[in-house]
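Here come two complexes built around chain A, the first alongside chain B, the second alongside chain C.
And then the complex of A and B:
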């Protein structure tokens, strides 16, 4: 086996790993606090990537499509500012979704909440297609990713962009940990994650805390979408496949474990690149199949994943 | 099912061939067979309590299989349709295997994943699916010699009637099934699987059968698609298509046969109104939102959210007293 090639493939995989990890984190934050899988997470994230796209392109109605054209700022934003804008919009969107669509159904059965997220998925997806067209858009690279912009380690190229996304991901993770460990809201969030009823009894506002959780998750999703929009091309279905990888990552790590999401994303990202490379039948096109099979296998054999809480059912 | 409603539907269906153009008859046939896919979701989710977001996959399997049987193996049409549906049922049983352990929201996740994987997967088997661009079916479903005429219109009407008969039979069979021993077992499992097992329901066999029947119905829809349009392509089986079928089933009302019919009727009406609204010009910024009404995915997404809030039991549940559910 060619070791340099293997190392190269691992380096290439690390970029996707970071994206899957951050989207998986978004899914885990919501699952941990509400027990809900947000199927619309990917579409909500894609929507914010379009917002970043609109902010970046300035007053060019042809590029921005009909929707929101009137709201486009007069000057194109620089990339970091556009992404921050998208993340803020994403957080507001997440909070509004929780408040308007999820909280009123607090006591409804699981099926109702699945329906809501599927509804949001479908509506957002076709809204994007209508406003911005279904064709792919070129989203500028956030980090220098051209030819030669890389470190060479043992003959394999490690791109600056890979280091960049990991730096952003780790920085945001440190912020998240600080938020959870050092602030009142973080404490409230941890309490709510353990038990809604008990948290309410000691005076935590459960609804508001969950709303913050959704905002946080959507922020992570927005970041994932903006960082990956350059490599996968911005289009309405951009995050559908990414969502499968992210769900596989979250399941592998344990659906309620942030640490698991990070490690799961790493493993799924690596396997996405390595499996098609060494198993010819799978090929690039089908690389999403192993992720799905892994997800099914984990749910069958060890539903708690690597780091998740084992669920005990009372009969 | 209300007798009046059924009579009204029968009258509308009978009038269509006399007033509609050839395109209209073909569209009407597509709408009629759409009931089967929605009914499939209804059996799995509404009666069996297993959320399936990936029924487009089984339509696809049914269509590809039927195309292969009738073209590749040169089987007679009726046999090919039956086998195509059976193949989808088999695929459903395979998918149902993990559903023996994976439940609720996690099963929804797996079936959504399946819907997303299906397109790339079917491109991998071009012999059956025609690969990326799809393939035409050479065998044609033509009317028999006793049919009065063999013009294109007459053939379209024959296919239309054939679809109505098949869908009618499927509705009748499903109605009987859900009121049979298996149907009661399904509902018992849906409401409380532990209790059902205690009462002697074989969970494994009941769940597998439910999923197989449900997938078989969707596969029958796929088989009839090949009858109507002799062309199969993976392009039709997008994840969104699967989700729209799911949304139709929920909007119509889960857990009643009537609900599936109602869901398809509602989607047809909304589709026509949406087309008209999108065609209307001169509303300025509002016009842009009117255009959205033509997007079935948008209407279904919003409809799904609204129905969940207003009528949690779907259109079929409007006006009925709410049952106590846990």
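And then the complex of A and C:
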């Protein structure tokens, strides 16, 4: 076996892995606190990538976003600022979604809420098509990713952009852990994740805390979308495929475990690239199959996922 | 309805109804919890004791008036009620099994913004040394007695004016129960903390309480000072096993 080629494939897979992990983290943050899977996570993220794109465009907007046209700033934002702007918009959007669409239905069955998130998925998707068209757009590269912009390690090329996305992902993860472990709001969030009723009994405003959770998750999603928009081209369905892999990653890692989301994203990303490369009868078109099989196999042995909490109820 | 021997009313409940779906569990309760006293609610299984505490904290569908001090809290949300000084230790203890003992205490002080939180933790570790020894251990790994101590300490971290305890003796060994109730009495005597305790163990409850109510089928059947109830033949027969 060609070891350099293997290493090259692993390096190539790492970029997608980071994106899957980020979006999986977003899913996990909401699932942990509400027990709800947000199917709109990917579309909400794509929407924020469009916002970043609008911010980047400056005075001659390459896209006039219907309702947002008036908000296009006079000067083009530099990329980091545009992404921060998108993340902030994403967080506000997440918070508003929770407050306006989820909280009024807090007593509704979970399935109804899942349907709401699917509704948000469809609505956001159509809105993007309406405002910005469905054609793909070239989103500028966040990290240098041209030819030759890479390190060479043992003969294999590790792109700067791969290192960049991992650096951002890990930095944000450290911030998230600090937030959860060291702050009052983080403690409240952990308490709410364990029991809404008991959190109320210590005076935590559960609704507000969940709103912060949605904001945080949508911020993660925005980051994932902005970082991947260059490699997959910006279009309304950009995150749909990513969302499927992120779901797989989150399920694999354990739906309530941030660590699991990270590891799950890695496993899905690597198996998606490596298995079709070494198992001849699985072509790249079927690359999702091995990931699915790995998921089924792990869930058979560990139903809560790799790092998920086993919920044991005393009856 | 309480005799005028108490200076101050801690909690006043008027015409309290509560229901789960179509089933009415409380059918118009009236009672008062005098400030700085220990009151108990006695009653058989299913009489509505737990629901009474839940209804006071607005954790279920209720109607009626609940007044804490001089404030009407009948329409106040559960989390807000905590901020107004009434803290509830529910059945099943209400601790967070996947948080450490220390984090459970810290989250108990969530509503506070003063800088004496750390001092309070030290204080409860002094009073419940076993919690100090297990401060970094997950609450779920503590024994039943330790968890009950943690539940009480967690509630006290909020510095409540009024503490509601739902069957603190449930599932504990008799020696531990005695120890726990001794601590409740000390707490009440030393700090003047008002308590309302729901208890099935009538002997124990009447020994420590100043005032007692008996609930039957969602209504107050009897009430009086602990001594009055201890000597009441009906209570003796139904609850004290005499």
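By definition in this document, the second predicted complex is superposed on the first by the 287 of 315 C-alpha atoms of A that agree within 3 Å, B and C clash if a C-alpha of one lies under 4 Å from a C-alpha of the other, contacts with A are read in each partner's own complex, and residues count from 1 in each chain.
Simple rule for what comes next: contacts are C-beta pairs under 8 Å (C-beta built on N, C-alpha and C of every residue); 3 or more make two chains touch, one makes a residue touch a chain.
Computed from a predicted model, the values in this text were never measured in an experiment.
S.K.: Touch check for A:184: first (chain B), second (chain C), both, or neither?
M.R.: second
S.K.: Looking at the overlay, what does A:195 touch: chain B (first), chain C (second), both, or neither?
M.R.: The answer is second: A:195 touches chain C but not chain B.
S.K.: By the touch definition at the top of the document, which applies to A:309: first (chain B), second (chain C), both, or neither?
M.R.: second
S.K.: Is A:204 contacted by the first partner chain B, the second partner chain C, both or neither?
M.R.: Once the two structures are laid over each other on A, A:204 reaches chain C alone.
S.K.: For the overlaid complexes, name the partner, chain B or chain C, with more touching residues on chain A.
M.R.: The larger set of chain A residues in touch belongs to B.
S.K.: Which parts of chain A are in contact with chain B and also with chain C?
M.R.: none
S.K.: If you look only at chain A, which of its residues touch chain B in the complex?
M.R.: 35-37, 39, 66-67, 101, 104-105, 108-112, 114-116, 118-127, 129-130, 240-241, 243-244, 247-248, 251, 283, 285-286, 288-289, 291-292, 295-296, 299-300, 303, 315
S.K.: Quick check: in the complex, which residue numbers of chain C touch chain A?
M.R.: Those residues of chain C that touch chain A are 57, 59, 77-80, 82-83, 87-88, 90, 94-99, 103, 106-108, 110-111, 154, 158.
S.K.: Applying the document's contact rule, which stretches of chain A touch chain C when the two form their complex?
M.R.: Those in contact with chain C are residues 184, 187-188, 190-191, 194-195, 197-206, 309.
S.K.: Contact residues on chain B for chain A in the complex?
M.R.: 45, 51, 53, 98, 101-102, 104-106, 108-110, 112-114, 116-117, 120-121, 123-124, 194, 239-240, 243-244, 246-247, 250, 288, 291-292, 295-298, 300-305, 307-309, 312, 325
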